[in-house]
């Protein structure tokens, strides 16, 4: 075993200048132990259905489902098969979880200076009590250590939820979802708060994989045939009502571009009919999504759900990987985005309505200062979500604060959300945000831009209050 | 009343590392008290016509005309009506200036960490002697305090101009303007130097609001009918000559894009005739503006006026606000810009001519390092204006220095201009620039990129000399 | 003479916070004296053919061939003629090298805070032992000093190569090049390692200046008529084989955009035939280059040469300068670039093949975090080259580390290359990179993102190992 002790420095991620570091530490201390508000993410609610559920092996938990992790090894020539990523066609992949773990450990240096590296280290130390830096030599011993913990009753998803001090955890659920897992959790009497989020992309984006099957699933969920645009609207309204009843506070929409634009019902139906026949064009899909985003804004004004739009990911860029392994395999690549022109129709119709809360997320940081901060600094309905995906990192957060807050103001932002399917990484992710926030505010204090009274309010807002307010939690 | 004392820290905005801070302080001290050179802005010359003019109430001065201020409150749900912003249609808006001030004070936390917050604080402390941090509780007392000062003879625009040590203040004036206010100021014998700037957008951009009426105003100003492209050129040349005679050193041009391209006189006239008939297309407008920018460059070579181009603002993005409240209501939103292709025709014809000074301003910071610094670092005619509008901020200035100067060199930039209509914010704005400049140069010194001899030259250039040189003042 | 002593501070370019500076110094010390690996650049191999070759006068060496230097003076109104830049048409330019040097010295302040300023200072001090800051007053004395050194046998190209501790120096050579200079160097028995790089742009980009003549030169080199697309492929394969035999490890490709896309052989030949007739369109050129990039990737998989693509330079933007002075005269201007869509065809076909190493270079930093880091962090074939051209600077390197490494990981980057034709600037350029790297890693250490064990590995990778690995040297 290596003799490198692994510790988490109490001042980690703070500026090295002592004046700023001291204030960052003071501010961070006031929020370090606050409950975690998790208004957007991809944790599977099923985890919390069974009191005694297990996460499986260390490899099940930390490698196989985490595309942040395996994309990095893949980029350096490790086949996904060797990492146990299940194939679509059932062709064989590595089944020996210890061997996969060994491969992971031997490549752990690839995560130097990366957010995944930061999260994994903190997770291994804080959640699992690992005391040595992971490497090839100690890989099996650490595997044993984690496996032993995962087998204990203190490491079920529910116990970890409680230990993490999660106040609320919102999942992301298809429009056609029965929300049976959510119902079971509610019925179980467990005090954890797990809420659904309404995500209708699979039926609203005509070019979504398996669109037709998704529409059929929606028909099944509502009990009538969704065979026209009018029926689609009716079905979505019915499902939204159900989600609200089940505790949903928000909807979520992913689109390649921020294009919005209204169609007449006649135009919308003509496109929908073409799609049912498998004859919709790429342009049809763009226009339909653009129209449906406007419809979603209208419905949000009516039912009060916060609307999230995530823009700019070219999904499944690597077709060979997609065909063999499916969605979410680390090959979604951002594209340049445009909001000023694209969002104008939606904002013209709904942007001045204070009943709407529209949260925007971008993968194109160039739009932060140019478009998003200026839009959010004007339109009452608009707020900016936290740095997303690749930008949910120390540098990404610094750039976000740097480019967004001067123009948008802090109060047109929506705090943090972890947006993760990797449940045990949640505390580390919030901790990085809280530390980055404390360090940013400390930088303003030490430059005499804000005073300590303001700073104490700001760090509380960033760590806890802004997310609750934005999502009405 | 709150007991929070409000002070301006002498080291504000400097880096917290003591080595850099010490040098920044030393450099700043050498320029802190230099006169203010204001080569571009939007202060109304009428202010200086009457020796005894008053700014009105604190609300008249600081809130109602300042879209930087009211956009932030609007974005958080405060209606513009409640802030006394006058409506176009005369429908009622709040008239109680104390009540508006109270609303402003109660939302003052929205400006935490924003440039508006920095300017307002410095203005209230330095110009008006406010000693407590503005909040709801002390709003009325501070209102009384400012109102009392504004009523005193020491707070007329002319006395403030003198107190601010302004060396020259350039206004921005329509091509058809009689410049009567400028004439009156000159005739008055007052020693303040207030110069006009020639801005012909209203007649040159065919899609400008009220374009036809603007052309009629131009006809009236020149005393002949501007009914052809030839007459337009003749009229603009006549007006430029008049502006030069009245002391103008520069022209200013706003355009959505940097597109330039020459038309034949025949093509230009065909478009102009269509515009007169109200039949010009969007493409006509783009091509005409692109052509007129080239004509303006030609005229600048002939009459020596410095040419400014401000690119990339989508004006009046929020149509509902525009229709109800008019121009400049905080809803102009930037768009991505392109200079390399767009400026090529103009630069091919005039870019190598050292008689031309063309100053570029952008709202798209992505063009700083990629296009603007490389163009300015080559073409003799080209220089870069300071960070503009949303980027006239501590972070905006840091990013500008960071991305522009390595490639363009400091000497292809044009120093600072405050670009403001908020007259009492002028000293604070220049102070932010001087401090940001001192801190940037100190960063170069402490990293041993430049020595102290160079640093002393550079801070003088940044604070004073570059602007004078670029605008030939 | 000025009495300003010129020295290089041992802590130059490090952060002023003592904690970070101390670690940066420690890390830098471990790599400061490592040999220089130069896998991409534009040094003329002829320099090394003759044991006794001379660089000429100081002006020959440092001004006339260096477009980084003369573009800055040109931008401030100094004609290229006055700097001795040779004209295409033989019209007279300044021949007095002392006078040119004087002009340069009198404008030396233009380089304050620029990378050229940093390189020139270090070069003058370290390579030539200049002890005073260059200015108009000491220009002639310093000229004498450098001229004396250049005349000594210790300042031949070969002796400087050895003194610089260059381990390998790759040149850039046309596809039709006989590589005679390389052969002569090999035959001479000198121990310096100077390797060719295969750059076929002149025949592959149909819009390259003198394309037809370039094809003829290729025909001459292969000994058969390149009169069809099939013959072009055959010729390129033959030349690649020859380059490999002559020690080439890499190819290099410059393109305005990253567009890739496969043509059928029939389509490719139709375009090629149009080009031979002088009838190829701009679209033909784009599609042909896009196709040939894919062919080059295929050939790289076959012959093992590393493939470099440099994207986004609008060459010869200033047509008047190009016509009078030719290529590479400081008027190449970057344009916005796009990789996600453009590279997809090439990556779909070859991106998952670990036999391919494709190195990408961009002039559009906006693509770092958005597109390049995410692509390189997924595709096994892809790595990112170092910050290129205008971004080969302290700020450019900081931005590169900041935006690239979190998502791509350090190990999907390719270390440093100096990319220069200014041979004596090579040590200064590598030194800037090594110091910037040490400072970046120190920043991670002091923020407790990586530990010192990792830091020591990372600085070795950055300074030496990554470049060797990426280029298989």
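A, B and C label the chains in the order they appear, each numbered from 1.
As a working rule, a residue touches a chain if its C-beta (ideal position, glycine included) is under 8 Å from a C-beta of that chain, and two chains touch if they have at least 3 such contacts.
Source: prediction; values computed, not measured.
Asks: Interface check for copies chain A and chain C. Shared numbers divided by all numbers used: above half gives same, below half gives different; which is it?
Replies: different
Asks: Superimpose the Cα atoms of chain B on the matching ones in chain C and note the rotation angle, 0 to 180, in steps of 5 degrees.
Replies: 120
Asks: Between chain A and chain C, what's the gap in Å when you average each chain's C-alpha atoms?
Replies: Computed from C-alpha means, the inter-chain centre distance equals 40 Å.
Asks: Quick check: what residues of chain A touch more than one other chain, meaning two or more?
Replies: As it turns out, chain A has residues touching two or more other chains at 15, 17, 366.
Asks: What part of chain A is in contact with chain B in the complex they form?
Replies: It is residues 15, 17, 19-20, 338, 340-341, 344, 347-348, 351-352, 354, 366, 369-371, 373-380, 382, 402-403, 405-412, 443-444, 446-451, 453-454, 457-458 of chain A that touch chain B.
Asks: Would you mind writing out the residues of chain C in touch with chain B in their complex?
Replies: Per the touch definition, chain C meets chain B at residues 4, 8-9, 11-17, 71-72, 74-77, 109-115, 117-118, 133, 314, 317-321, 330-331, 333-336, 363-366, 390-391, 393-396, 399.
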